[in-house]
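The data blocks that follow each hold one structure.
Paired with chain B in one complex and with chain C in the other, chain A is shared by the two complexes that follow.
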Partner chain A sequence: MNGTALTHAVIDGILTGAVYALMATGLTLIFGVMNIINIAQGIFVILGAYLSYALSVHLGIDLFVGLLITIPTLFIVGICVERAFIGRLKGPEKTAMSILVTYAISLIIEGTLNLVFGVNYVQLHSWYVSKSFKVFGIYLPYIYVFGFIMAVVLLGALYVMLYRTRFGASVRASLADHTAAALVGIDVRRVSTICFGIGVAVTAAGGMVYGATNAFNASTSYDLISRLLTIVVLGGLGSLGGALVAGIVMVTLEDVVSVAWSPVWSTMVFFVVLVVVLSVRPQGLFGKQSARVA
Partner chain B sequence: MRFKSSGIRVLGVAAAASCALALTACGSSSSNGSSTIPSGQPVTIGASLSLSGDFSADGQAFQRGYELWAQNQNAAGGLLGHQVKLKIVSDASSPTQVVTNYQKLISVNKVNLTFGPYSTLLSIPAAKIAKRYSYAMVEGAGGGPSVFAAGLTNVFDVTLPVSDDLTPFANWLAALPTSQRPKTVAYVTSNDPFTQPQIPVAQKITNAAGIKTVYNSVFPAEATDFTPIADAVAASKAEVVVLGSVDVPTVSAFMQAFEQAHYNPKAFIATAGPDQGATFAQAVGQNNANGMMVPNSWYPGYDNASSKAMVASYVAKYGGSASDVNADVAEAYSVGQVVAQAVKATGGFDNSKIISYLHSGVTMQSVQGPVKFNNLGQNLLGVAFTFQWQGANFVQVMPTSNPNSVPVLFPKPVWAG
Partner chain C sequence: MILKRKNWAWPVALLALVAFPLVFQNPAVTSIAVFTLIFMAAATSWNLFSGYSGYIALGDGVFFGTGAYAMALVSTHLNMQGGYAMFALVPLGGILAMLVAVPVGLICLRVRRHTFVVITIAIFFVFQLAAINFGFTGGTAGIQIPSPSWSASFYNLPFYYVGLALVIVSTLLSAGIRRSRFGLQLLAIRDDEDRALGLGTKVAAVKLTGFVISAFTIGMAGGLYAYFLGQIYPQFAFDPLFDISIALMAFLGGLGTLLGPLLGALILESLQQWLTLQFSSGSLYLVFYGVLFLAVILLMPQGIVTFFGDVWTKRNRGVEEKKLGGVTVEEVVGTRRA
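Now for the complex of A and B:
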């Protein structure tokens, strides 16, 4: 191991971690507002990747330009799913039931994608997918840099929406206390529906970068959802900032361990850190105690 | 309190289910299938395949292979006059689910015969269940040493044992003239029972030839971010890369990272992935595929009459072209062929007799070539080939002494982007 390799690993981790954070942000937003654990988040990422694939291959639309179509499309998909399935979940078992319902949704989408696209692996291509540029002796892949910038922009937009708009105030009120929010006149159901739509919409962007850096098929979603859940648990369920920090920490830690020690231990070390953090802070790095009680 | 009572109820149901399963198992553990089937009734063959999960692409290719064999076998009159009926269930690539599936196929569905699942990882637990019921487990993708070291007498792999897969490639490197022979090699592999056993065999040969191992690492099978590992390989500047991979995404990720790092090894071989035909070329880009190598025991252009007939019937049934037929299909098809010959030779569907026959040292034929099992169930006659993408063609390049091999494209062309 040398300093350059270690620096490279840290940069790789930060660039890639931000994209994972973006995908996980949707998951944690949905949990925070709705107390829904969205197991289907992984398949939504893959759905986003397939939409980018279809636009790129069949219409020749650039991957990033295609986001202008895929993000609204997945927002509408999210709204429909929430109205058809998620919004109907009531009662004290709602969170537990949401795992089963979203798993079922995941299976339905996976089966549909298999029917439409087949099971063969595909990957997104564009000039910037395999090219890189050199900075201080380190090659930085364009796709990771572009993906990082996109993730920062989208997370920034999400931040502005949450903290600088009236709707954002409604979301934060719903995050804090559903009952109190409803009592002051906030339409919590509407807020929940829109948040679910937003949570799914961000997967379009994450899915596009994922599909450009990994060959994928519908079953790839299983690998993704486990990582995304791990990120939101470490960051704290319902915490947007926590998802960002945890996403970057997780991927950077894995990359550094791979280079400094051995790839074999990269995943294990991360989980050791996760267990240690949860032992000290059961609510995760930035989660609130009440989030776990809810 | 509510939580507690729910927990007790769940535990109670789980315990009752476990007891029922255990009783079912005990009640039928002596079963080895019906040796005779009433006239006009089909023979039922059960298999668990990875139709979803990590191995879904391979699992579904295997399904096509089994179904294609059943179709052709039925067109030829079936097995001893009985039409073949396949019962295929999905294990979602899970070693746990595969156990449940074979348990149910044998004890509940009462299948007459079983075909193996996909991968070394799943073949071991599957074969253990089959052995419990004295069923033969003929499979086509469980060639890792751990399958044969499990003390199972009912498992038979129609494909070449995987340990030797990289031998032709390593021998070719070692035999290159000194002026052309690479000086360094990097070995990097998934910790999978299919890939790992191949590495030391090849490494022993390259070490003996004076080719220095400058990078040697194992990564977890569940890894999804290969960039730091690939960057480390690139940093080693090895002239040859040997990648122990189980699928297309792993190879694709390494290739992409190498290209981004402006690293062009002279030779790059992956244990699986490049053999996936058009799927691989699409994923990595046709131009980038050029020069990539993979060991295997079959390819669509294999010079064997039975193989050619299978490829033709595959294209007729599923469409596409010969290049769309990957090795998984041939491995699955071979399972059916070998079982059919055993059934015919024993005159029935008695699994004990089938196992004895397969252990008898007889030579059978398959689309992958001749098959003859040793006492461990390994195919002694399997031949290791190495294939390479040359332009848009996937061709056999090793053993170089084989008349069907074409010259190796060496050094590998630089990444085309």
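Now for the complex of A and C:
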């Protein structure tokens, strides 16, 4: 193990971690507002990646420019899914049912993607995916930096929306207490639908960077969703800041373990850390104690 | 209540299951039947913890995989010959799965519902990755299990009856728990854990016991599954689809009911096996399965048993009330509102 490799791993981890944090924020936002665990988040990421792939291969649209199309598209997909299926769930087993419903949705999208794009692994290409520059004695592809900047910008936009707008205030109110929010006149139903849309829309951006840095096919979504869930639970379900911190920390840790020890064990460390942290802090790093109440 | 009225239905169903392979002798059919029985046992066992306590576990593939690897590793290390003796390893798989369930349960059950779901998934992946990475499991190359030298037409029969025995064991366990004080405690945890704790239920001990018991039959099902397939790989023994399938089966049939998981597994697993044979394209099958799955959850969210149970009660109530004077409750309420 040498210093350069370690620096590389840390920088790599922070840059990709921000992208994971973005995708995880969508997941935790959906959970916080709606009490829904969206298992389909993984396949939405892949859907976003495939949309970017189709736009760049068939229409020659640049990956980042293509986001102007893919983000709104996934926002609409999210709204439709929420209106058609998720919003119908009620009762005490709502959260458990949501896992099954979103899993079914994920199966349908997985099958459709396989039919349309085939099962071979693909990867997004552009000049900034293949070109790299030298910093601190290591070579870094531009996409890592561009993806990081994009994730930071989008997370910033999300922050401004949540903490500086009237709509954001109603989202936070719904996060804190559904009934109370409804009582002061917030249309919780509408807030839920839009939040689901936003939660899904961020996967378009995350998916594009994921697809440019990894070879993927539809079944990659299983790996993605297990990571995203780990990040979200580690940060504390429903905690936006927690998802951000956990995303960056976990991906960095994984990269460091992969360099310092072996790539074989790095994925396992990911899950072992979760188990250890939850044994000490059952509500996650930044979770509210009230989340313990079933 | 539907079950009490029709107590004769259980022996009849059992007889039908015993007679099934004698009537349908096509190996393709009996092979589907063996898989179906394995899943019926597993789903019932899953339900006796997750269904009764409301703690939805999505990592029971850990126990299934433990059973499968117990079968594979012990039989190959002892150089066993394929045959009836190998079935003795099935209960061993169950016991090992219970041993694994103790530490897993101690970790998972520290957290409440939503987090519990996710931490079971995480632990599942820890086990899957361990099976892939550790040397003694044979890694991704898998392990070849000795297979019996029975004739093709007879081959499925012993597996079928052992599978049926597992279904009976898990159903009796589930029914026994449902009627016991312990079962009531699990149900109390489902309804209101804090109040159950306040009333003196040792919730931690009850949850852990339920979790460990449910691992037993799932482990045995895993052992039988491995023996029937003849070889195992980490991805098949520790299969995320297994986790979600058994939960879905219980939901489809009726979460927390005795008959529900049996019915759900019977319908889903046989359908799944049949669909795999029908659709040569795995992708089309995924879409079809997903659509069906979605339709069932949205149309019958409380499961088949509860759904038809309600229909049955309503019809009977209608009959009784007609005898009493031809006025149903709905009519009375309707008149009052008007």
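The rule we apply is simple: the second predicted complex is superposed on the first by the 292 of 294 C-alpha atoms of A that agree within 3 Å, B and C clash if a C-alpha of one lies under 4 Å from a C-alpha of the other, contacts with A are read in each partner's own complex, and residues count from 1 in each chain.
To be clear about the criterion, a contact is a pair of C-beta atoms (placed from the backbone, for glycine too) under 8 Å apart; a residue touches a chain by one contact, two chains touch by 3 or more.
Nothing here was measured: the structure is a model prediction, and the numbers come from that model.
Student: In the superposed model on chain A, is it clash or fit for chain B and chain C?
Tutor: clash
Student: State whether A:5 touches chain B only (first), chain C only (second), both chains, or neither.
Tutor: In the superposition, A:5 touches chain B alone.
Student: Have a look at where A:85 lands relative to chain B and chain C in the superposition and call it first, second, both or neither.
Tutor: second
Student: Is A:68 touching the first partner chain B, the second partner chain C, both, or neither of them?
Tutor: It touches nothing on chain B or chain C.
Student: Have a look at where A:130 lands relative to chain B and chain C in the superposition and call it first, second, both or neither.
Tutor: first
Student: With the two complexes superposed on chain A, say which partner A:110 touches: chain B (first), chain C (second), both, or neither.
Tutor: Both partners, chain B and chain C.
Student: Quick check on the superposed pair: does A:237 touch chain B, chain C, both, or neither? Answer first, second, both or neither.
Tutor: second
Student: One more residue to check, A:120. First (chain B), second (chain C), both or neither?
Tutor: Only chain B; A:120 stays clear of chain C.
Student: Per the contact definition in the header, classify A:183: touching chain B only (first), chain C only (second), both, or neither.
Tutor: neither
Student: Kindly classify A:157 by the partners it touches after superposition: chain B alone (first), chain C alone (second), both, or neither?
Tutor: Neither chain B nor chain C is touched by A:157.
Student: After superposing on chain A, which stretch of chain B overlaps chain C: 99-107, 279-287 or 405-413?
Tutor: With the two structures superposed, the offending stretch of chain B is 99-107.
Student: Could you give the residue numbers on chain A that contact chain B in one complex and chain C in the other?
Tutor: 92, 110, 114, 119, 222, 264, 267-268
Student: What residues on chain C touch chain A, complex-wise?
Tutor: Residues 54, 56, 58, 107, 110-115, 117-119, 121-123, 125-126, 129-130, 133, 193-194, 240, 244, 247-248, 251, 255, 281-291, 293-294, 297-298, 301 of chain C touch chain A in their complex.
Student: Please give the residue numbers of chain A that touch chain B in the complex, ascending.
Tutor: Touching chain B from chain A are residues 4-5, 8-9, 12-13, 16, 92, 110, 114, 119-123, 125, 127, 129-132, 139, 141, 213-220, 222-224, 227, 251, 254-256, 258-259, 262-264, 266-268.
Student: What residues on chain A touch chain C, complex-wise?
Tutor: Contact set of chain A toward chain C: 31, 35, 37, 85, 88-89, 91-93, 95-97, 99-101, 103-108, 110-112, 114-115, 119, 222, 226, 229-230, 232-233, 237, 264-265, 267-268, 271-272, 274-275, 278-279, 282-284, 291-294.
Student: Where on chain B does chain A make contact in their complex?
Tutor: 2, 52-54, 56-57, 60, 93, 191, 217-220, 222-225, 227-229, 231-232, 235, 247-249, 252-253, 256-257, 259-262, 276, 278-279, 282-285, 288, 415, 417
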